[in-house]
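Mind looking over this structure? Questions follow.
By written order: A, B, C and D. Residues from 1 in each chain.
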Amino acid sequence: MKQVIDVKTSGGVRRVGAGGDTVVHVGGVPVGPDHLTVIAGPSTVESEEQIRAAARVVKRLGGGILRAGVFQPKASPYEFQGLGETALRLLRDAADEAGLPVLTEVADPRDVGLVVEYADALLIAARDMQNLPLLKEVGLARRPVFLERGPAATIEEWMLAAECILDAGNPQVVLCERGIRTFDTAAGATLDLAAVALVKRLSHLPVVTDPHYHGGHPDLICGMARAAVAAGSDGLMIRVHPDPDRALCEGPQSLGPLDFAALMHDVRRLAPLVGKKLP
Amino acid sequence: MKQVIDVKTSGGVRRVGAGGDTVVHVGGVPVGPDHLTVIAGPSTVESEEQIRAAARVVKRLGGGILRAGVFQPKASPYEFQGLGETALRLLRDAADEAGLPVLTEVADPRDVGLVVEYADALLIAARDMQNLPLLKEVGLARRPVFLERGPAATIEEWMLAAECILDAGNPQVVLCERGIRTFDTAAGATLDLAAVALVKRLSHLPVVTDPHYHGGHPDLICGMARAAVAAGSDGLMIRVHPDPDRALCEGPQSLGPLDFAALMHDVRRLAPLVGKKLP
Amino acid sequence: MKQVIDVKTSGGVRRVGAGGDTVVHVGGVPVGPDHLTVIAGPSTVESEEQIRAAARVVKRLGGGILRAGVFQPKASPYEFQGLGETALRLLRDAADEAGLPVLTEVADPRDVGLVVEYADALLIAARDMQNLPLLKEVGLARRPVFLERGPAATIEEWMLAAECILDAGNPQVVLCERGIRTFDTAAGATLDLAAVALVKRLSHLPVVTDPHYHGGHPDLICGMARAAVAAGSDGLMIRVHPDPDRALCEGPQSLGPLDFAALMHDVRRLAPLVGKKLP
Amino acid sequence: MKQVIDVKTSGGVRRVGAGGDTVVHVGGVPVGPDHLTVIAGPSTVESEEQIRAAARVVKRLGGGILRAGVFQPKASPYEFQGLGETALRLLRDAADEAGLPVLTEVADPRDVGLVVEYADALLIAARDMQNLPLLKEVGLARRPVFLERGPAATIEEWMLAAECILDAGNPQVVLCERGIRTFDTAAGATLDLAAVALVKRLSHLPVVTDPHYHGGHPDLICGMARAAVAAGSDGLMIRVHPDPDRALCEGPQSLGPLDFAALMHDVRRLAPLVGKKLP
């Protein structure tokens, strides 16, 4: 039987000997080998009404963690930049009301102190995978960190970035695959599910998958979500918006409540086949 | 309810209007939207004993089509080059004995006439996806053609290559995803399962997946096979050898009988969840 | 002083010990370490008038070898497919009139016998770099072979493909870099000039560069041609059309006479700085 | 005749109408269309003696700007992390003694205030190309910024990152091409010289090239440096160490004084051919 420990208290990212898999807890919600944890929510907090509606949908349909962006840094000065601390408070309140823990992105090392006051876990976006001052800062925080793979990062580089966080003192790291950049631009990024399987062999850390970065067809997102579960992912990151057509940000890539319900239906049937249950 | 036609008799690779999906029959075995067809066998025919043992394993465990290489062209003059026509005959006899149809690669347009005397279906390998004289020649043959995606081919280019076969008069084409070349060399090629889902939306042709090209761990091959089924593949191409340790070719990437049995076990449980049955 | 031999009569593609560089002669024109040989001509032979005009332009401005396609295989059934043997004869006559040797593509192993009756050298296009029956067939021909690098071929694979030709008995191989496929599609393929420098260190074969595959600005083509010479290329493959606006094929990527004259002007000034002269 | 303005005071990264090229001045040294500026120095400041020796070599052989790392953030916790502010002071003193301006990397937005006290220009490394808080912070600084292209950044994304700096109020941006990540790992990154030519057409900003990221052969570095000049680069970033065999960091990729002298010799001869002079 597979030995499971709550959090590795020493050592690095790589498996050593017969050590068990790490389980990371976000609020009380486990992310690890025995569970299939769905982390869901809108791309950005837009208003009190929107985030409360989103939180209710996520909770009711079986999501385990609420996720939304608040600072919304964009790689262009011309896009919506988010609502900042106001949004953090709205996000926290909506999550509390629905009974969900909160994951949100942090991109500036100077914001970490503020964000940990509101969020249960921190997300390092793909573009910041090698933002070394940021990795060090979240390594000092007492919150789980979800570390997205950079769009051109090898598995080795991804694990080294996680190592920077562990090395700074924080053992609660979850890896997140969300697609790599290849010549194939028809589907946005190329979701690399073999990397999920491979990194789970090499490392004891949980690995979740974000199946969104390949265009905006709900069918494709659900298909890739199923494939991610079948490949062994410990969780899914899903963009859910109460009304995608009115979203300020990434609407076409977001699932509405009905599509999210269909996805959860599939996931519930698949999870037992790979030895997992929803938390 | 989804309309299914046996083979499109006109038109191209792309879906037009509400037309149904194409079903390609290899021997009597269907490849198409309602089935999950497992095509399996050793990389190369090595001897009468080996190919007979392989055929028995494939048949007994539920494989639908026997597949093995006979000419085994290699992109280096220093590797084993296959047994040629002798191997074709051994392959045919082993398949007949086991009650399976045969798929084998053809790489030289001058060999097509010979190969169709023995094989039920023809495989165009990834490296030949844009070998235009070869595409034209198999387009004139009265055998189904499995067309692997080139390692750097966009979905558009892959579909155009299929179009060359249809255009020459042969509507029985099955597309085969087997991984693209990316910066991530840790897992050999990067299996692009979103492409499977995407090309099934764009085209009416069946799509199968070869989950082998990412290193030689049976665990990873089985994981990616499960993911391919979950993503909607109409079939799997699996390298099975009665004794991988003694294989002359691609042994480390081949499954032995026990690993193949485990894979078939998983596949049987997954297929109904995506609306498919084994033929 | 660098030892130069005319053609290696034994051994493989790799440098061994202090052996010299191979010089390949096309007609009487050398391609090798001391020369900068410009191979130029239209993408396709369109008419007697067009190819004669092109040949005159190439010769007058200092091109060493005339190059044009005659079969023009395309990776889509819907494009112009070339004029075949008629075009071969027009190409030969135009070249003879202008006093140039001829390079043309061959894509079907069954065409090699015909093509060698007309052409001084054979071109294997990028898409056929691993077309093994074709490599073997040109390996039996007594004509120099220009082998383009496949769009996703590593340097190792490119050299192994050349090895297939040498191994079949033909030591007169010239390598041709023409860009690799990367995520950066803004410039078509990505010209990999470091590969030119690297393969010249690893191998004794001449290496030429085709700077066209990155969009159709004459400025960019000339800039990349200069860069290729500065990086150590032994030659350039240039698409020249007497009237690009009327070209049936790849017109926007072709240089007209004035742009070609400007390119030759730059090349003449650069060549001496890298120890080369025009033949 | 090409109109040249000192620094664009309004508008974005893209060329608009017949506007001239931007010239950025570092200390008094120009980087722009009429010059070929060599920015050189060791990967890291290791000691007072080392950086003074390096500065003397750079100045004597014709380098225009001294460059060295001081914080040396590494994407692994196990590598040398640099000497910090002590190194900044040593770098400044060595540069003053030699009569050179200073370029150094900044990776943490909290360090910008400190670094501008010592450095004439700031380098944003490839891994930080989309570090948005950092871009904003250097956009507020009154120092020129050299912005390296991310290893998987399209030209569009690179220009948008520059736009973030301009948008924050700093018009003094120099773009730096240093290779993209492709399947071809034989040469580290793939130097994309077509991107240099292309971005110079699209933007009015100066573009320099770092030819180092393709392995450690001085021959290849010099070859790519020549190619970069021939392709139209406005400058070169060269790693020079007084004694590469003893370097603490990137020694094998650094040129010693003799190799640097050879490179400068080549560059001096090439520059006039592309209409440039050394400042």
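Just so it is clear, contacts are C-beta pairs under 8 Å (C-beta built on N, C-alpha and C of every residue); 3 or more make two chains touch, one makes a residue touch a chain.
Predicted, not measured: the structure shown is a model, and the values here were computed from it.
Student: Taking mean CA positions as centres, which chain lies farthest from chain A?
Tutor: Relative to chain A, the chain with the farthest C-alpha centre is C.
Student: Tell me which of B-D and B-C has more C-beta pairs in contact.
Tutor: Top pair by contacting C-beta pairs is B-C.
Student: For chain B and chain C, let me know how many angstrom lie between their CA-based centres, rounded off.
Tutor: That pair's centroid distance is 35 Å.
Student: Measuring from the mean C-alpha position of chain B to the mean C-alpha position of chain D, what distance in angstrom results?
Tutor: Each chain reduced to its C-alpha mean, chain B and chain D end up 49 Å apart.
Student: Two or more other chains touching the same residue: where does that happen in chain B?
Tutor: Correct list: 152, 181-183, 185.
Student: Which part of chain C faces chain D closely enough to touch in the complex?
Tutor: Going through chain C, the ones touching chain D are 152, 154-156, 180, 182-184, 186-187, 190-195, 197-198, 201, 214-215, 217, 219-220, 223-224, 226-232, 266, 269-270, 273-274.
Student: For chain B, which residues count as touching chain C in their complex?
Tutor: For chain B paired with chain C, touching residues are 73-78, 107-110, 127-128, 130-133, 150-152, 157, 160-161, 163-164, 167-168, 181.
Student: Looking at the complex, which residues from chain A come into contact with chain C?
Tutor: 152, 181-183, 185
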